[in-house]
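What follows is subunit A paired twice: with subunit B in the first complex and subunit C in the second.
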Partner chain A sequence: MTSEESINLLAVVIDTNPIAWATAAQDSRCPLDFGRVLEQLLIFINAHLALRFDNELVVIASHTNQSLFLYPPQLSDTDQPPDASSKPANTYKQFFDVNQAVIKTLKDLITESKSPEDVDDKSMLAGSLSLAQTYINRIRRANDPTPLQSRILILSVSPDLPSQYVATMNCIFAAQRVGTRIDVCRFRGKHYGEESVFLPQACHLTGGLYMEIPEAENLLQYLLYAFLPDPYMRSVLCLPEKDQVDFRAACFCHKTVVDVGYVCSVCLSIFCSVSKQCPTCQTQFGGQ
Partner chain B sequence: MSDSLATVKNSIQEYLETLPKQTFDKLYTQPATCLAALRLLPPVAKQIVMRLLYTQRPVLKADVEAWCFQEHRSDLRDSLKKLAKMNICTETGSEHLQINRIFQENMHNALVGGGTHASFGKPADTQDKYEVDIPFLDRYASEAWEAVLHYLVGTPTEKRPKAVGRLLVASGLQEQDGRSGVTDDERTMITSKGFQFLLLDVNVQVWSLLLQYLELAERQLQMDIVEVLNFLFQVGSLELGQSYSIDPLTDTQKMVLEDLKWFGLFYQRKKKSSRFYPTRMATSLTSGSMIAARKPEEGHGYIIVETNYRIYAYTESPLQIAILSLFVSLQARFQNMVVGLITRDGVRDALAKGITADQIITYLTAHAHPEMRKQSPILPETVVDQIRLWEMERNRLRVSRAYMYNDFPDIQEYKQLSDYAEPFGAILWKNDKKRILVVTEEGHEQVKAFKKRKQAAKGIPGSGGHGRAQASPLPSR
Partner chain C sequence: MSHTLKPPKRKSSAKGIGAIDIDDDEGHDLMGASGQGYSWEEEYKRSWDILQEDEQGSLQGVVASIQQQLKRRRLHRDTATVQRGIIRHLYLVIDLSRAMAELDLKPSRIECTMRLAEEFIGEYFDQNPLSQLGIIITRDGLAEQLTELTGNPTDHTSALQKRSNREPKGEPSLQNALELARTSLAHVPSHGSREILVLYASLTTCDPDNILDTLESLKRECIRVSMVGLSAEVQVCRTICRETKGTYNVVLNEMHYKDILFENIPPPVATAQRTASLIQMGFPTTRTYEEPTLCACHHKLIRKGYVCPRCSSTVCEIPTDCPVCSLTLVSSPLLARSYHHLFPVENYKEIGWAGVLSTMPKHCFSCLVPFHGPPQSMSHRRLSTAGNTGGGTAIGIGSGRFECPKCKEQFCLECDAYVHDVLHNCPGCVNR
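Presenting the complex of A and B:
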């Protein structure tokens, strides 16, 4: 399989959790500005589209209480199709469409968001991952038998959610099965973005890249260097790898990350404490 | 499909690589051109460009080499060579690589949509009273292109536009009809190159004509090649079904628009109209995707070939019939089909015009009827083999330059020489009875030296002369 013949699909999952971004923006050492990050991300997306005319793209926002498509735009019946003649002559049509759609949907999302008290600091990562994979699958089927190279890039800033452990892992296994790589670009500051446990596992299992970005200013260079090469090019170019992967899991009973736990010998559920009966599959332990 | 794509890509690139460096600098002032140039590059080169795009200082060449795994270093080197040829990356000093500043700036502009270049086409401000839709444009483009092919095969039609005639002659697809002695534009004849052209894929046809147009524009029409190229790359980035304003175009570009309109690349309702619509042929120029305007016909192939060399073509198009008649002797014509026979004479006529057996076979395969496609191989093997055999038949003679050795004084000397020359394949032909040796040009020096040595050893002055045989047709073995 060569990169010339297959369709190249990039799914970008943006973590848009307002609380995590607000915390990051208040960091005194190296504040993280969502606007700046978005600008650079859009250039990166344009670069992906620039490489080939038939490169495919999907952008998904992973918000506090929902995941939704930023691009391709979800047209409802009431929406007018965008007026084509409004496109400035200085912009390539495709770039313009993508950027407009992403910015517009993001704005809507932010204005819709509830008051700060109602918002929790979780983001729907598992949901976004499934959304990305359903989209990838649709494109794969639509283009059959042309091969498809797909990858998911997660731009992550909020902390891990042990409550979504099972869902996230299922997504990762699904991606592994169809050969979709999961790349993670995670912001790491002094006071935000503590080390993630699940995301490195996602990269490790699917053969993707995990990178921690110390400062947002150089984000674009990181993106263009490490995340632009498509899966085929990864076999040609040397890219940084994470050698140490934290394989810790979250227990199924209290959703906390555990170093040492107990595993049900029948359904392989993980628990932090011993019990007589497996809460998942009801198997009786211990016998007499 | 990927074959034709590769051919198209290569032909543009080969053309671009012949341009001088200054031309590239002028070309890269347009972001649309930068984008198109980027897409023409091999995958590794694209990544290199993207990595260098936001670097300010020259980068160490050794560092760039380290980007690639050892076993792919040759890919990397090829890519760097390509980049240098396209003047995107230049070597500064012996160890550093530097991205072309003009390219860098305008590629950045393309990515962020900045600048005031308007190189991605200015959509018309006002609503078109006579708006046209995409199916109309597709139909328009395919009719226009078919008309061009009709001019080429010389189907009597209405007066053909000057631009088309000029280009067809300049590209050598047609020539002035010498016999009539009239130097009128109208009297032209298709050449063997023209016949070959007809059998090509549409994509390749369009690009090869455009490349000819570029040459013509530069040499005869005194156009600025940079403006023409920028325009072509610009239309590659336009959107199908959208009308664009003519105002931002330069005078040269308006002339190009006027000329290429006849080939179905653009639609303009009237000559004075202030807007134009690019057709699918134009918008897919740089993407290299199949030109869908012709897809309906290609999708439904129309040719059935039987093992008895009989051919049934379900078509009414005079053009397709004209193309078929190049190598098929047509026997009957019905309302929706023609019947013909693939004969030795017919194929030999086509071969004599410079068409190759491969082209015929590719054409028949590409246009095979859906019923034919169900079987594998699509064409009957006997027919394919026979067409190839007919081609080989023509190649029974081979001409090679050679030296003839004759008048040997005795059989020993003849034997010695022939035994010496035989093992390394220097002998093309020999006749033991008449003692004649024909030696290849490459082997001649060696054989001559050997002969001299032998004669010196014997002390006999050279008696067996050798004459330089004119390159005479020799039977191939």
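Presenting the complex of A and C:
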């Protein structure tokens, strides 16, 4: 099955957590500007669409309290599509449509956001990934039997949410099962963006690429060189790899990372020492 | 001693078993067009019989409703939070007697069984990553162990693909197969479940001893036996399954075969006798070697491997037991892969046309596919309800909206199936 015959679907998940972006923008050495990032991302998206006429695209914003489809535009929008005369004559129609839709929906999202006090510092990454997966599934079924090459690109700044661990892992396994690659482009400076634990695992398990971008000014270059090529092309490119992925587990009792742990046979909780009763599910342990 | 089992109970069929061969030529009593009868009593498939035009002379509605029916069949599943035996030890027993060579399942019983068994093994390890499986075949009155209990799916599928392991001959021996599985399961640690799944085509068994004694010892050792019958219901199979708290089903046709076989994939509800315990497990680190090195498990040259935290030997894949110190080696994603059995997604409720309001969203929450509008005239299409089985006539198409009882978002049928079968996350619930 060559890459010629299949349809390419790119799902972009943008982390739009305002607090994380605000923190990153205040970084003294190289501030991260959301507007600049978005500009470069749109160029990347246009490049993806330009590669082939039938390349598919979905853009999802992962916000603090919801996940939102930025593109394709949702049907519930009652407002009229802009008439043809407003479109610049020199722009490829699809580029224009995508750019307009993404910018407009993002603006709506930001203006309707709650006041800073109500916003909690979290990003609906698992939710956005779930939406991306179901959308990919729909496109896959719609194009059956033509094979679909799907990948998800996550632009991430905000920290991991431990409460979303199971949901995120479920998404990763679902992606692994249908062969969707998860690429992660993570912004990480000296003073913002902690090290992520989930995302390198996501890339490792699905065969995607994990990159930390130190300077957002050069984002476009990273995007075009590392994330734009399809899986077939990537096999002949020399891309940076994350050498070590930590698959060790943290015990539930002290949150320390263990090499050799004890696992409850009923609820699969991990502990660092032997006890008589499982603290998670209250099961009494019988004879060893 | 060889004894024949009680004759099979006849299902609600107009014909006896012996009559099938004779009746084939006559062909006036056509039935089973919907593919719902036993395949051994079917003569001709008249798939066009179930297609009936609606008032406008269109077939679209019927085709759509058949598709919807097919998808919906697998939907409702158990979502109660119950204790399940996540760590399983299962022996798959395959009957390779002459009865397997019958052609009532397409292309033949044996081909169909082997294909489904391979799919089953892949899916079993996908959903039960910490579990083990072994394969036993029975033919010529003997039982033969093809693979030991291991956690590696490729060992099993390659054993099944061997030509010599796919040749049906002689009589099967149910007792020999069960005894072999029972002795192999004897040393399994008490926290894991012990199960035997039998794919049985024959109506007889050729046993050395009284099979009911075997049943007693199976019960004593808490081994759960489930069976899938390929021809007709057999009394002794039913007894064994009932007594050991397993399930017994007889296949109707190829699709039904797959359904009932795959019902054995989710981990069974744990029984009270099983003791829970803490299992010592190692979480190995990955290591890349400059020079190729030998792995301790297969003695192959590898560059990338996992290092056992207790004895520092290198293995090439996990999950496995360390070949040197026999510590169970797993990784945290493998544990996470089992969590969805513990926290299942609730079943979505279908919304009938009567419940559809104009204020409701016009598209599926998660994949944006537009819901179709209500049918023009509601009169000639029956409203779809959950219990509506078409039985070969055209039925109305449901509204295609499924609501999550928790987050109240609406999903399409495709997403419903995908969320419950693959994703195991409700896209609405994780977004709040």
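One rule holds for everything that comes next: the second predicted complex is superposed on the first by the 250 of 288 C-alpha atoms of A that agree within 3 Å, B and C clash if a C-alpha of one lies under 4 Å from a C-alpha of the other, contacts with A are read in each partner's own complex, and residues count from 1 in each chain.
Operating definition for what follows: a contact is a pair of C-beta atoms (placed from the backbone, for glycine too) under 8 Å apart; a residue touches a chain by one contact, two chains touch by 3 or more.
Predicted, not measured: the structure shown is a model, and the values here were computed from it.
**Student:** According to the stated criteria, A:123 is in contact with first (subunit B), second (subunit C), both, or neither; which is it?
**Tutor:** neither
**Student:** Could you say whether A:43 touches subunit B, subunit C, both of them, or neither, answering first, second, both or neither?
**Tutor:** So A:43 only meets subunit B here.
**Student:** Applying the touch criterion given at the start, work out whether A:93 contacts subunit B, subunit C, both or neither, answering first, second, both or neither.
**Tutor:** The first partner, subunit B, only.
**Student:** In the overlay, answer first, second, both or neither for which of subunit B and subunit C A:105 touches.
**Tutor:** Neither subunit B nor subunit C is touched by A:105.
**Student:** Of the partners subunit B and subunit C, which touch A:158 in the superposed model: first, second, both, neither?
**Tutor:** neither
**Student:** Quick one: name whichever of subunit B and subunit C touches more residues of subunit A.
**Tutor:** After superposition, C is the partner touching more of subunit A.
**Student:** Taking the superposition as given, does A:224 touch the first partner, subunit B, the second, subunit C, both, or neither?
**Tutor:** First partner only.
**Student:** Looking at A:150, would you say it contacts subunit B, subunit C, both, or neither? Reply first, second, both or neither.
**Tutor:** A:150: touches no partner chain.
**Student:** Touch check for A:16: first (subunit B), second (subunit C), both, or neither?
**Tutor:** It touches nothing on subunit B or subunit C.
**Student:** Considering only touches as defined above, state whether A:205 meets subunit B (first), subunit C (second), both or neither.
**Tutor:** A:205 contacts subunit C only, not subunit B.
**Student:** Would you pull the subunit A residues touching subunit B in the complex into a rising list?
**Tutor:** 3-5, 43, 46-47, 50-54, 84-85, 87-93, 95-96, 99, 220-221, 224-225, 228-230, 232-233, 235-238
**Student:** Which residues of subunit A touch subunit C once you look at their complex with the stated criterion?
**Tutor:** 65-67, 69, 72, 74-76, 124, 126-127, 130-131, 133-135, 137-138, 141, 164-167, 169-174, 177-178, 201, 205, 243-249, 258-268, 270-271, 274-275, 278, 281, 283-288
**Student:** Mind listing the subunit B positions that touch subunit A in their complex?
**Tutor:** Spelled out, the residues of subunit B in touch with subunit A are 2, 31-32, 35, 38-39, 43-44, 46-47, 50-51, 53-54, 66-69, 72, 75, 109-125, 237-239, 242, 248, 286-289.
**Student:** Residue numbers of subunit C touching subunit A in their complex, please.
**Tutor:** 83, 86-87, 126, 130, 190-192, 270, 275-286, 288, 309-310, 327, 330-333, 335-340, 342-343, 361-363, 366-370, 414-415, 418-419, 422-427, 430-432
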